[in-house]
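To keep things clear, I will list the structure first and then write my remarks on it.
Chain nomenclature is as follows: A, B and C, assigned in order of appearance, with residue numbering initiated at 1 for each chain independently.
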Amino acid sequence: MELYRFTLTEIAKKIKNKEVTIHEVLDSVFSRIEEVEPQIAAYITLMRKEAYERADYLQKKLDQGEDIGVLGGVPIAIKDNICTSGVKTTCASRMLENFVPVYDATVIKNLEEAGAIFIGKTNMDEFAMGSSTESSYMKKTKNPWDLEKVPGGSSGGSAAAIASDMAFAALGSDTGGSIRQPASYCSVVGLKPTYGLVSRFGLIAFASSLDQIGPFAKTVEDTALMLNVIAGHDKKDTTSAPIEKKDYTKALQNTVKGLTIGIPTEFVKEGIHEDVKQAYDQAIETFKDLGATIKEIQLDYIKYSLATYYIIATAEASSNLGRYDGIRYGHRASDFKDIDDLYCKSRSEGFGAEVKRRIMLGTYVLSAGYYDAYYKRAQQVRTLIIENFKKAFETCDVILMPTAPKTAFRFGEKTENPLEMYLEDIYTVPVNIAGLPAISIPGGFDHEGMPIGIQLIGNAFGEETLLQIAYTFEQNTNYHERKPNKI
Amino acid sequence: MSVSKEEVKYIARLSKLYLTEEELEKNTHDLSSIIDFANELSSICVDNVKPTAHILDIQNVFRKDEVEPSYEREKILQNAPTKDAGCITVPKVVE
Amino acid sequence: MREDYEVIIGLEVHAELATHTKIYCNCTTEFGSDPNTHCCPICTGMPGTLPVLNEKVVEYAVKAGLATNCEIARFSKQDRKNYFYPDLPKAYQISQYDLPLCKDGHMDVTVEGKQGNYKKRIGITRIHIEEDAAKLIHDAYTGDTLVDMNRCAVPLIEIVSEPDMRSAEEAVAYMQTLKSILEYLEVSDCKMQEGSLRCDVNLSVRKKGETKFGTRTETKNLNSFRAIYNLIEFEANRQIEELEKGGVIYQETRRFDDVKGIGYAMRSKEDANDYRYFPEPDLAPIVLSEEYIADIQNHLPEMPHIKKERYVQMYELPEYDAEQLTNSKKIANFFEETITHWNNPKAIANWIMGDIFRKLNEAEIEIDACPIKPKDMAKLVELLDKGVISSKIAKQVFEEMFESGKSPEKIVEEKGLVQISDESAIKEIVTKVVENNPQSVVDYKAGKDRALGFLVGQVMKETKGKANPKMVNEMLLEILNQS
């Protein structure tokens, strides 16, 4: 079997046991990239030179008998909104087309300490605003399962890279579903951790109170391993939770006996595609068969999540994106008559239509006279949604939902109507609103053979239970074994 | 339209964005439909509901007042489009 | 200013806090270095960075609040104020909007009015913490503006007064009292010329008897007492003249050129002041316990007005002297240290208020940079009091001390300035002078008192001023009255 086909856990073991060299692993992955990247276009920047240099360094250490970390020598891809010192970090925007950070994000430092090798920066929706990766200024990433379709978004590049074996794991960011929805569209595992579990320092902010970095991987086990490395308190992030490090791989037990899974039947009704519904029902049956208790739950306010989300997220974004003014970094218009003209031209040229739309929406909901009606009210509804979930978790361990109401759609299908695009996020945004952890795992295929993801939502900092249940599902189904045959 | 063209012009000014006539039309339409959708929140009773300030129950996250080295100036100015005399330059704003 | 109008003044004072590091990162706050050398990704607003609040900022703001009789918020938060300007790297300033750390305080100030001094209580609306902005420098050569981000995110407190002041004198008195309190607390070095203490003046006028406020203007960034005084006189007169002409006052932001003595409206910074404040999601609320507040309260230093009372009581100094010495903590410290070395408070107070103030003014330095240290100052007074040197010599020694920083004993010794109090030595010279000036003796006898003065002068000249003047006088009279 080609080396790139292995899982992260397997390849890390092979490197450690010196069955393969890191160089060989890199060769395999880069030849895979050469083979399929022209069709998939998952990467904005490839770090071939840096990767090989680091491979030499790590191999030398390993050969000297040193420990090179749990991810020692494993090629990892990074979403292009996570700052990498000395390597372009563009947010897939013309605004940051040539931006080179001077510092590393905390997660980058963590991964580096664990021995990971960064092989490239992945494509995304511009500033993580979108659900299809179509708003990228750089390129159009294709879904490995159907090149006519979107990979989902906003972390579409990371999901497509894992689905097509162009990396063993990847980092994404999830503000309203940006890890889980593309994981679902591409049939990989994607985890959005509890807000505060993973440091946001170095993640280029979209919506500060919703953003969270998380891993993409081929299996639940690999996901747990990645989480081990990136989770943990960071004193550079005020909102980072002061909790101790855990070994999430210990939670990976193949049983759901004694666990209760909540089903919000009422919520998972409207707008859902029949095939997704079937897969969802099938998942419920699977869990039942495995011995879990299934419990109907009522989440009265969850249906307001999407409206709440679009108010809070855009408000924060409008402020977070103010710094792109053409002065200290980023795109500056070539001619202007004064400072105001410089601002307006640089920003109008540097941002794409979706980003502009959200900046304006956010500005609108914060502007004089509208704050109470929109922003404040949304934060109040947010409180109600959080209480809803809290109550639900009094009686169940996790909540099971589809990740997205439909499977991957065709390019351009939803770009004309932004609201329709936003509706793709209906099952994912409640999780961000409440700051909870959630995982999307392969859960079936539609009649055209496109992947369907199922989503498990955990209680705050309940990643262990979440991973255990996801692991059990994975071990007892074979959806994750199917690989895209178009590439 | 729940959002008027004038309002879109106003928020574009606040956001430092220029809009073409076509963009103005499209955004007026799009923002209106999103705001219409968001208006569903107005039907919810939120009396006595505290707005969420933070997801986590955090308070008093401070750092010690201890100096650490700053960055080299070259790094701080590295991404600036124009610079002079160790500073970033912008069109005249001070008299 | 016309008698039939009343001027309404409120001040917004910005004080840079004397912390070692900036408000949200570990860069130094040191003033006066090369541009953009005290910067990091956080204070320059680079993508992906996050703020972490400096604990000293909270402590210093609470100190300022307690010293100005404010209510301290048990729950407070920080907010973003959004606007575009090249001095604001994130395009928002982290400040406090609806829940400031301190509110509802006041200060009692002594105003030097035209008809004498009077006391007045000025309300303090609020004190909140926020970050400073970059420095913008005009490049005369290229015509561009240069951005120096060293000052970005230096911590500030903004102290907002009630519109309680009615004259330039009251505003200056308020500002002086506030400056002195902040210095006493050591929360700000209050160097107005460096901009670490500056103020915005909100001003409106109305006909006396009118109860509604007129439209106010805001004049930004005044950084000397004189500028505040002059601006208020200028702006009040401008508004009155405008109203008398039948014109209108626009609510606008203005600047004042103190050199030319004129104010002008700034070109609009933002089309509208729609700052879209919202709670800063990257920072946690500040929740202060009773213990925390009580602890700061219990450790507050003696405030200037208390110290002044004490000086009057303990050292029997006149009110005026006590006021002069306690206005600045540094001066009070200098005074207090000096009197521990030589206990003559009144004489020492006179030296400080006279010669020291004059020299400091000439040299444009503050007392902490004074070349004369308290110990040496005390020694000088001691030498004088003990009659080792004359007061004339003392002045000479003082000048030398200020120039060289040497101790007075050393100067006296090196230059042989010890006062001649030896009776026989003085007698010899006095006798010689009398012999050499017979005409003066005649004049004296004829009742010309001036002649005595001349003879004293001659003796002093002979002794290079070192003779004990009291003894010289006595001996001269003795000889003159004998002969």
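Note that a contact is a pair of C-beta atoms (placed from the backbone, for glycine too) under 8 Å apart; a residue touches a chain by one contact, two chains touch by 3 or more.
Quantities reported herein were computed from a predicted structural model and do not represent experimental measurements.
Ranked by the number of C-beta pairs in contact, the top chain pair here is A-B. Central chain by Cα centroid: B, whose mean Cα position is closest to the mean of all protein Cα atoms. Centre-to-centre separation of chain A and chain C, using mean CA positions: 57 Å. One simple way to say how far apart two chains are is to compare their mean CA positions; for chain A and chain B this gives 23 Å. Between the Cα centres of chain B and chain C there is a gap of 40 Å.
Of all residues in chain A, those that touch two or more other chains are 99, 102, 209, 235, 238-239, 318, 325, 327-329, 339, 343, 363, 367.
Under the contact definition stated at the top, the residues of chain C that touch 2 or more other chains are 41, 44, 52-53, 84, 86, 147, 272, 274, 276, 281, 283-284. The set of chain B residues that touch two or more partner chains comprises 10, 14, 16, 53-54, 58, 61, 63, 71, 76, 88, 90-93.
Remark: chain B residues 10, 13-14, 16, 53-54, 58-68, 70-71, 73, 76-77, 84-95 touch chain C in the complex.
Residues 98-100, 102, 195-196, 209, 235, 238-239, 241, 301, 304, 306-308, 310-311, 318, 325-330, 332, 336, 338-340, 342-345, 347-348, 351, 353, 356-357, 359-361, 363-365, 367, 373-374, 376-384, 386, 418-419, 422, 434-435 of chain A touch chain B in their complex. Within the complex formed with chain A, the residues of chain C that make contact are 41, 44-53, 80, 82, 84, 86, 89-92, 147, 272, 274, 276-278, 281-284. Within the complex formed with chain A, the chain B residues making contact are 3, 7-8, 10-12, 14-19, 23, 27, 30-31, 33-35, 37-42, 44, 46, 49-56, 58, 61, 63, 71, 75-76, 78-82, 88, 90-93.
Across the complex, chain B is touched by residues 19-21, 26-28, 34-41, 44, 52-56, 58, 77, 84-86, 136-139, 142-149, 270-272, 274, 276, 279, 281, 283-287 of chain C.
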